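First chain written, first letter: the chains are A, B, C, D, E and F, and each begins at residue 1.
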Amino acid sequence: MGQDQEHQDDSMVMIETNLDDMSGEWMGYVMDRLFETGAKDAFYTPIYMKKNRPAQKLSVLAKEQDLATILDLLFKETTTLGVRYYPVTCHRLERQFLKVRLPLGEVSVKVGRRDGVVVQIAPEYEECAMIARNSGIPLKQVFNQVQQAFRNQYPEWEVNKKA
Amino acid sequence: MGQDQEHQDDSMVMIETNLDDMSGEWMGYVMDRLFETGAKDAFYTPIYMKKNRPAQKLSVLAKEQDLATILDLLFKETTTLGVRYYPVTCHRLERQFLKVRLPLGEVSVKVGRRDGVVVQIAPEYEECAMIARNSGIPLKQVFNQVQQAFRNQYPEWEVNKKA
Amino acid sequence: MGQDQEHQDDSMVMIETNLDDMSGEWMGYVMDRLFETGAKDAFYTPIYMKKNRPAQKLSVLAKEQDLATILDLLFKETTTLGVRYYPVTCHRLERQFLKVRLPLGEVSVKVGRRDGVVVQIAPEYEECAMIARNSGIPLKQVFNQVQQAFRNQYPEWEVNKKA
Amino acid sequence: MGQDQEHQDDSMVMIETNLDDMSGEWMGYVMDRLFETGAKDAFYTPIYMKKNRPAQKLSVLAKEQDLATILDLLFKETTTLGVRYYPVTCHRLERQFLKVRLPLGEVSVKVGRRDGVVVQIAPEYEECAMIARNSGIPLKQVFNQVQQAFRNQYPEWEVNKKA
Amino acid sequence: MGQDQEHQDDSMVMIETNLDDMSGEWMGYVMDRLFETGAKDAFYTPIYMKKNRPAQKLSVLAKEQDLATILDLLFKETTTLGVRYYPVTCHRLERQFLKVRLPLGEVSVKVGRRDGVVVQIAPEYEECAMIARNSGIPLKQVFNQVQQAFRNQYPEWEVNKKA
Amino acid sequence: MGQDQEHQDDSMVMIETNLDDMSGEWMGYVMDRLFETGAKDAFYTPIYMKKNRPAQKLSVLAKEQDLATILDLLFKETTTLGVRYYPVTCHRLERQFLKVRLPLGEVSVKVGRRDGVVVQIAPEYEECAMIARNSGIPLKQVFNQVQQAFRNQYPEWEVNKKA
């Protein structure tokens, strides 16, 4: 049962580069490698560049101390000749993981609190997906069952309530 | 007839969060609520996240002093567990609203000036849309009529001229 | 002064292919070549494919009789191994080109009519862009001047009126 | 309490047009007008056209018998000079609306069945949004309360079960 | 060493549905399940729907004979209440797989021919990615090495030549 | 044969504005003008704004010293009444241009080095495109020939090697 306090983190950096001369096929690989190398988040945004080029902007959210490592990876694994970045502040909720028992298995639920008040209740995707895959039950139904079971097992954890 | 001087505003902040576990249906509601809560602008950008997830980045432009209020809303109304932000400077044109008379009603026109020179002439959408809706005249034609009437009533307000 | 009657064309085909292993750089070139080879329209749509691949769907609208030529080009100039297509019907307005005189030069205006009623009045982009570029006047202002001059020279061509 | 049988509808048509010379501001208006005029669905897709033009594809799903009316609207309210369309078959689930009582008001829930088996349970957005707005409770929480109340009031309507 | 003749396939169907009330998280799962269930291709397109809803269009390319199975999956695993589809013709190149030996391992290369002329030479992504991952060599460099080795081992297979 | 050292540039600024009341047609023109006026990069991102408006975010990367000039252009050539910007740091690779001889002509190849190690080898698009256009050889094949010729003429310039 992990726990993180709500906090504000000023030591983050957003790293961006525009990719207009690289195969989309390689972009999935780059994303995997970024997470392995310490990126906190990574995503692609479709953009339109000069000379009628559809392209992708790659955005990587990382700790400032990991900047050099991420740049290394970007220069090795993408085709870019230049990367830009700027500091960002991250505000993260207090997070707590609770276990929910279902007939089909146990699932973690992430609870997010702001100023002590529950605002998010999020079943873990990977665990729900595994149950869905093994049982043949639709994933959306597994999520619903987890949320229902959560309410029964943890009635005190209710959205909009101090808990 | 409001008026704002051309100015540079250093006290703005861009707030962003990636939404990959939230219904699109709720996003329209969140946008409405953001404007009611003091956001100066809000928009969605389609992005692609890990694990093959199409998602949306929500961007909110707000005054620094409204940051906490916007964060409150985002944590309550979206499913996010973390939000990031960074300061931006806004450069806004001098704005003046002038009234234009049409046979079908009166319409406001926003005039934007840079260094005293007119650069934008923009009929107010809501007023044009109401006339279009009531009269059955296509909206694009209402806009054209407003622009034409504006030139007749305010010949001194010409794009590229000091006024 | 060209003219085309309003008509319905059942002999058109929409050709599509998904590109996830091709440089964006080459896509601009492919678009140019498609128009030279007889495509009536061509455009890219950002899509998201398996294995976390951001990609582009290339859509080509062509006459059925040009299908083989377009396929040739797509297989030569893109990296695709398969292309799909389906018949579409095109409904096109009656089009007439009229010349408008400006102090800075002459510009063509495309007029579109549905059942004899004017519904579109569109200055030709390339001619407006050339005037804007040569004169230093903003393009948006050139368009406005053309529309204003059009109303003066052709008062009988009014949107929503038979003409 | 409406009800529709599961069925296949061969008399539908998808109407599309690319808009590269029209203000985004007008596109919201066009969407509203399309639904008022009988469109079954309408949506915009960001595309990229020749000459470095970001644009929008407007797609309208309509009954074949409404084709002419929709074309009329598109030619009047957009800037297009040509529209394309092709027949599509729609497969729609059996739909039934059930009322759910909450402390804050009553909400309709749409139930979708395939071959008699419940596959969808969808609270009506507009009704949930009104409750959220009036009560100040987050919309996502209203949806959850409706789903929970639905399970209590209609235990026989369970996803994956004949009902 | 598989081989497929160049051919035209008239028995394909494009199935589409717009998703505006479903978590992006589930969409990656749906894509995996679609390929397992026989879909020939599946992809998401960002779209904009009514009521300010950013959404995704899910497109599935399948054999006509698999239509019912795909519909079953879509109704179970997505939140849709209606799906549309239309027939498409697929034109596929002749495909042949050749093995290329690298110091780091063997890689398959897909060769595509149109009218007997080589037009595509595509190293298999999964095999290149595994070599890249195991060796630490950038993926883009692995692809280049495969293409170079291919030219040495199969000099007769040259793009634009009969082979 | 130009050369630039690898460096970090703290004097760059990212300038952004959302365009929801401007024709896509004009956006291509604005992009050309931006590059002529000193922008280091410029691109469009499809976004979704309030009141159901599909729109484009225009992003311009420029030197801080060029900020006023770029703002001038944006206010003149777009319809915006406000622009925002924030400082970014750019990290650029060492760049060197080498000439490669092909039977069809000479092509420049840009080589990028990080800490003295070659990481990028990129044929110049415009020169490859001209050869492709004049010879009728597919552009993708021209790129491949250039890369092959580069390896033969400059064996010491190898990706992942000090050079």
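Going forward, contacts are C-beta pairs under 8 Å (C-beta built on N, C-alpha and C of every residue); 3 or more make two chains touch, one makes a residue touch a chain.
Keep in mind the model is a prediction, meaning the values are calculated, not measured.
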| task | Please identify each chain that touches subunit D as well as subunit E. | result | A, B, C, F
| Chains contacting each of subunit C and subunit F, listed by label | A, B, D, E
| Which chain has its C-alpha centre farthest away from the C-alpha centre of subunit D? | F
| Hey, which pair has more contacts between C-betas, B-C or B-E? | B-E
| task | Please decide if copies subunit B and subunit F contact each other with the same set of residue positions, more than half shared, or with different positions, and reply same or different. | result | different
| query | From subunit C, which chain is the farthest off, judged by mean CA positions? | reply | A
| query | Of the pairs B-C, A-F or C-F, which one shares over half of its contact pairs with D-E? | reply | A-F
| said: Can you work out the whole-Å distance between the CA centroids of subunit C and subunit D? | reply: 30
| said: Centroid from C-alpha atoms only, then distance subunit A to subunit E, rounded to Å. What do you get? | reply: 26
| Whole-Å distance, subunit A centre to subunit C centre, using C-alpha means? | 40
| field | Per-residue overlap in subunit A, given as positions that touch at least 2 other chains | value | 21-23, 25, 31-32, 44-46, 48-52, 54-55, 76, 79, 86, 119, 125, 138, 140
| query | When you draw the chains as points and link the ones that touch, which shape shows up: line, ring, star, complete, or other? | reply | complete
| request: Note which residues of subunit C are touching subunit F in the complex, please. | output: 22-23, 25-26, 29-30, 46, 76-79, 125, 129, 132, 138-140, 143
| task | Would you mind writing out the residues of subunit F in touch with subunit A in their complex? | result | 12, 14, 31-32, 35, 41-46, 59, 61, 86-93, 95, 110, 112, 114, 119-120, 122, 125
| request: Could you please specify the touching residues of subunit A with respect to subunit F in the complex? | output: 18, 21, 45-51, 55, 57, 71-72, 75-76, 79-86
| task | Enumerate the contact residues on subunit D facing subunit F in the complex. | result | 19-25, 27-28, 31-32, 44, 46, 49, 51-56
| message | Taking the touch rule as given, give the residues of subunit E at its contact with subunit F in the complex, in rising order. | response | 46, 48, 50-52, 54, 119, 137-138, 140-141, 144, 147-148, 151, 159-160
